[in-house]
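Two complexes are shown next, each including chain A; its partner changes from chain B in the first to chain C in the second.
Moving on to the complex of A and B:
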């Protein structure tokens, strides 16, 4: 019996995981939501910006991790548009641009924001580090046109924005190591304030930059997304995500504990 | 000549870019901006090179009937469909967006989602308190997992209400991330940075030439 438990068939575990994902998806749950300290700092930073300020959101994630990062983008953009803060969308990843366009359009429609006046999507340019450095000199030299193909000098909200000096914050929503690039090249060289929203697996990489103050705030996975949604009082996909994540975490903790109890009991019997 | 010219260009631009970092003179800054612009012009060629290599590799697989060569046909189908829709009409083409939203997004998301199943299975098998180090890893993982979700605090506050620590799960997780994790990460960052600097010096001076092929 103990041996069976210790060598539990992986397909049984897969069924448990599937149930832990499906149950909170089908039956809405009201599990508690807390706001991590770093997410609160990001919210406070954006909340303190005066109307008319500009922030840049870098949508540096692909389709594989949009479920975790899109709720963050949605919550921050809602917060900005509510406060009268203008949003510039950009991406260093070619497959993110369609996702960013779809999300920005959706949030703008909900908030009654005007393209070109309240928000704009620059799109994608290849080059990574070169794009970050180039925008520090002059955004229009990297992106002559926006994602729609309209020249930047014809877009009202870009009239007074030349480079990072007119941007109050860069929020990098990342599923890869782009946060380090933004910190190294945009923060250190151009003194642009950086915040990050990252997938759960990247969180531990961010703490050295938080401690030095090179990141003004951080959202980590569904925990950060649901926390930000709570702060702006607009529960959405982040809340649904943290409910699912909570059950899957509990399941894994339970499996690990049961596996270890079985392991110890068997070892005692062998002695 | 095929070796000397790239080496000379690498040395020249490497040294110039280092010098511009330390000189606030307007000529130096103008030079820096110009070189960054050149970089932006050169970058798209890497994409062209990547597509050419992809086509070359998969064409060879089909021609030699290599194992699972049939999958390479899907690579060509994908490139042809998306390029023929996207290049002439731009990424706002409804058909281009439809393929992206209904083919690429679900496939990518599915691949990533499978991780949850394998992580659960691997955690169950790997996290056994067999040795002192394994026990340490196990306890740390359990605390971080508990602190990662708000329900972890609720469980802590219910089961361990007699302890003086309220919200102990997230507090302990935060301590682990802020102290042992931060120290180890910083060590890694410093080590990697020193490695990158020494490798950059080797490349600029032409000692390291593997990038020439």
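Moving on to the complex of A and C:
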């Protein structure tokens, strides 16, 4: 029995994981959602902004990580548009532009927001650090036109926005190390307030910045997204995701515990 | 057009997941298609979002005398020739006789990069972190028992983990003990990172299953 457990075919585990994902997707569960303290901080910061303020969302994720980050983007954008806060979309990653465009259009349609007045998508420029530093001096020098090719000086909401001084917060939704770039250059050099929404892989690296106040708030994976959705009372993909993920995590924890027990019992018997 | 896109995405998703059984031609087809498309897309984006607006358009405006939307003198666009020419030196690598020319753009890149990075990284990753580690002890009387415990734990973690990487003294006695505590902190950090990585991978699977069941099969039934 122990030997069988130790040599369990990985395909059996795949089947268990598939079932753990399929069942709650077909029969949605309603597990309680807890809001992490760092997500609450981000919500509070945005919620305290007066209508007419501007935040910048950096969609620094690609197709391989949008499952975790898009629910965050959607929740934050809904909150901003409900509060009358204007949103500027930008990205440092070439494959994120179309994802950002699709999402912003979808949320704007739902909230009845107008492009150019309530939100705008600047798009992508190669360079990373140079783009961040350049926008600190003058956004129009880096993005002369928006993503659709319209000159920035013809866009109403950009009339009074020249650089980071007119932006209250930069939220970086990141699947790579772009948060460090935003903190290192936009926060240190231009004193722009930074918050982050990151994939689970990155969250451990983010806590030092949160603890020092270099990040005003943080969302991590489905947990962060579901927490933010709860705060704005708009359950979405984040809540559905965390319910399913909870079941898979239970399965993985169970498998790790069983595997360890089998390993130690076998070692004891060998002694 | 959208149903066709959904079908293509669904079939490619199934091709990729077929690898869970074993390597097969469907998986390889999807993998090669993905790599090819990614490279092609990145080249097109670099040209349209970088080369054309940042290099070509200012230069063309300088040649034609067309005033840009920023209102500045179009002739300033000729200054773009300097970085363009320096950038073109990267292609000198293709000729063995002229390969030495690549040193100039590299030297500029490293020089500017270091100049920008060093002060900002020192501030963001060293000074601010040290400040954040020490600050709680400056307001110790206002801390709750839990916050005080956290602050002390953090100091122990920082000192012990740094001791583990300090090789100028032999790791014996108290130093060895601190070093072992440092390893424990590192292991907890790695464990946390691994757990979060699993969460991330599960999230991808959940999103794909949701797409297959609702967006794809939902269009059929």
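The rule is short, and it goes like this: the second predicted complex is superposed on the first by the 266 of 271 C-alpha atoms of A that agree within 3 Å, B and C clash if a C-alpha of one lies under 4 Å from a C-alpha of the other, contacts with A are read in each partner's own complex, and residues count from 1 in each chain.
Note that a contact is a pair of C-beta atoms (placed from the backbone, for glycine too) under 8 Å apart; a residue touches a chain by one contact, two chains touch by 3 or more.
Worth saying up front: this structure is predicted, and the values here are computed from it rather than measured.
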Counting only touches as set out at the top, which of chain B and chain C does A:97 meet: first, second, both, neither? both
Where does A:49 make contact in the superposed view: on chain B (first), on chain C (second), on both, or on neither? neither
Of the two partner chains, chain B (first) and chain C (second), which one does A:234 touch, if any: first, second, both, or neither? neither
Just checking: does A:34 make contact with chain B only, chain C only, both, or neither of them? Give me first, second, both or neither. first
Taking the superposition on A as described, I'd like to know which of chain B and chain C A:263 touches: first, second, both or neither. first
Return first, second, both or neither, reflecting whether A:208 touches chain B, chain C, both chains, or no partner chain. both
With both complexes overlaid on chain A, does A:249 touch chain B (first), chain C (second), both or neither? both
Go through the superposed model and pick first if A:127 touches only chain B, second if only chain C, both, or neither. both
Once the shared chain is lined up, is A:5 touching chain B (first), chain C (second), both, or neither of them? neither
Shared contact residues on chain A for chain B and chain C? 14, 17-18, 21, 64-67, 95, 97, 125-127, 133, 141, 200, 203-205, 208, 211, 221, 223, 245, 248-249, 252
Taking the touch rule as given, give the residues of chain C at its contact with chain A in the complex, in rising order. 20-21, 38, 41-42, 45-46, 49-50, 53-54, 57, 68-70, 113, 116-117, 120-121, 123-125, 128-129, 131-132, 154, 189, 192-193, 195-200, 202-210, 213
Within their complex, chain B touches chain A through residues 33, 36-37, 39-40, 43-44, 46-47, 90-92, 97, 100-101, 104-105, 107-109, 111-112, 116-117, 119-121, 123-125, 127-130, 138, 141-142, 145-146, 148-154, 167, 170, 174, 177-178, 181-182, 185-186, 189
Chain B partner contacts - residues on chain A that touch it in the complex: 8, 10, 13-14, 16-18, 21, 31-34, 36-37, 62-67, 95, 97-99, 101-102, 125-128, 130-131, 133-134, 137, 141-142, 147-149, 200, 203-205, 207-208, 211, 221, 223, 226, 242, 245-246, 248-253, 255-257, 259-260, 263-264
Chain C touches which residues of chain A in the complex? 11, 14, 17-18, 21-22, 25-26, 64-68, 94-95, 97, 123-127, 129, 133, 140-141, 144-145, 151-154, 180, 183-185, 187-189, 199-205, 208, 211-214, 220-223, 237, 240-241, 244-245, 248-249, 252
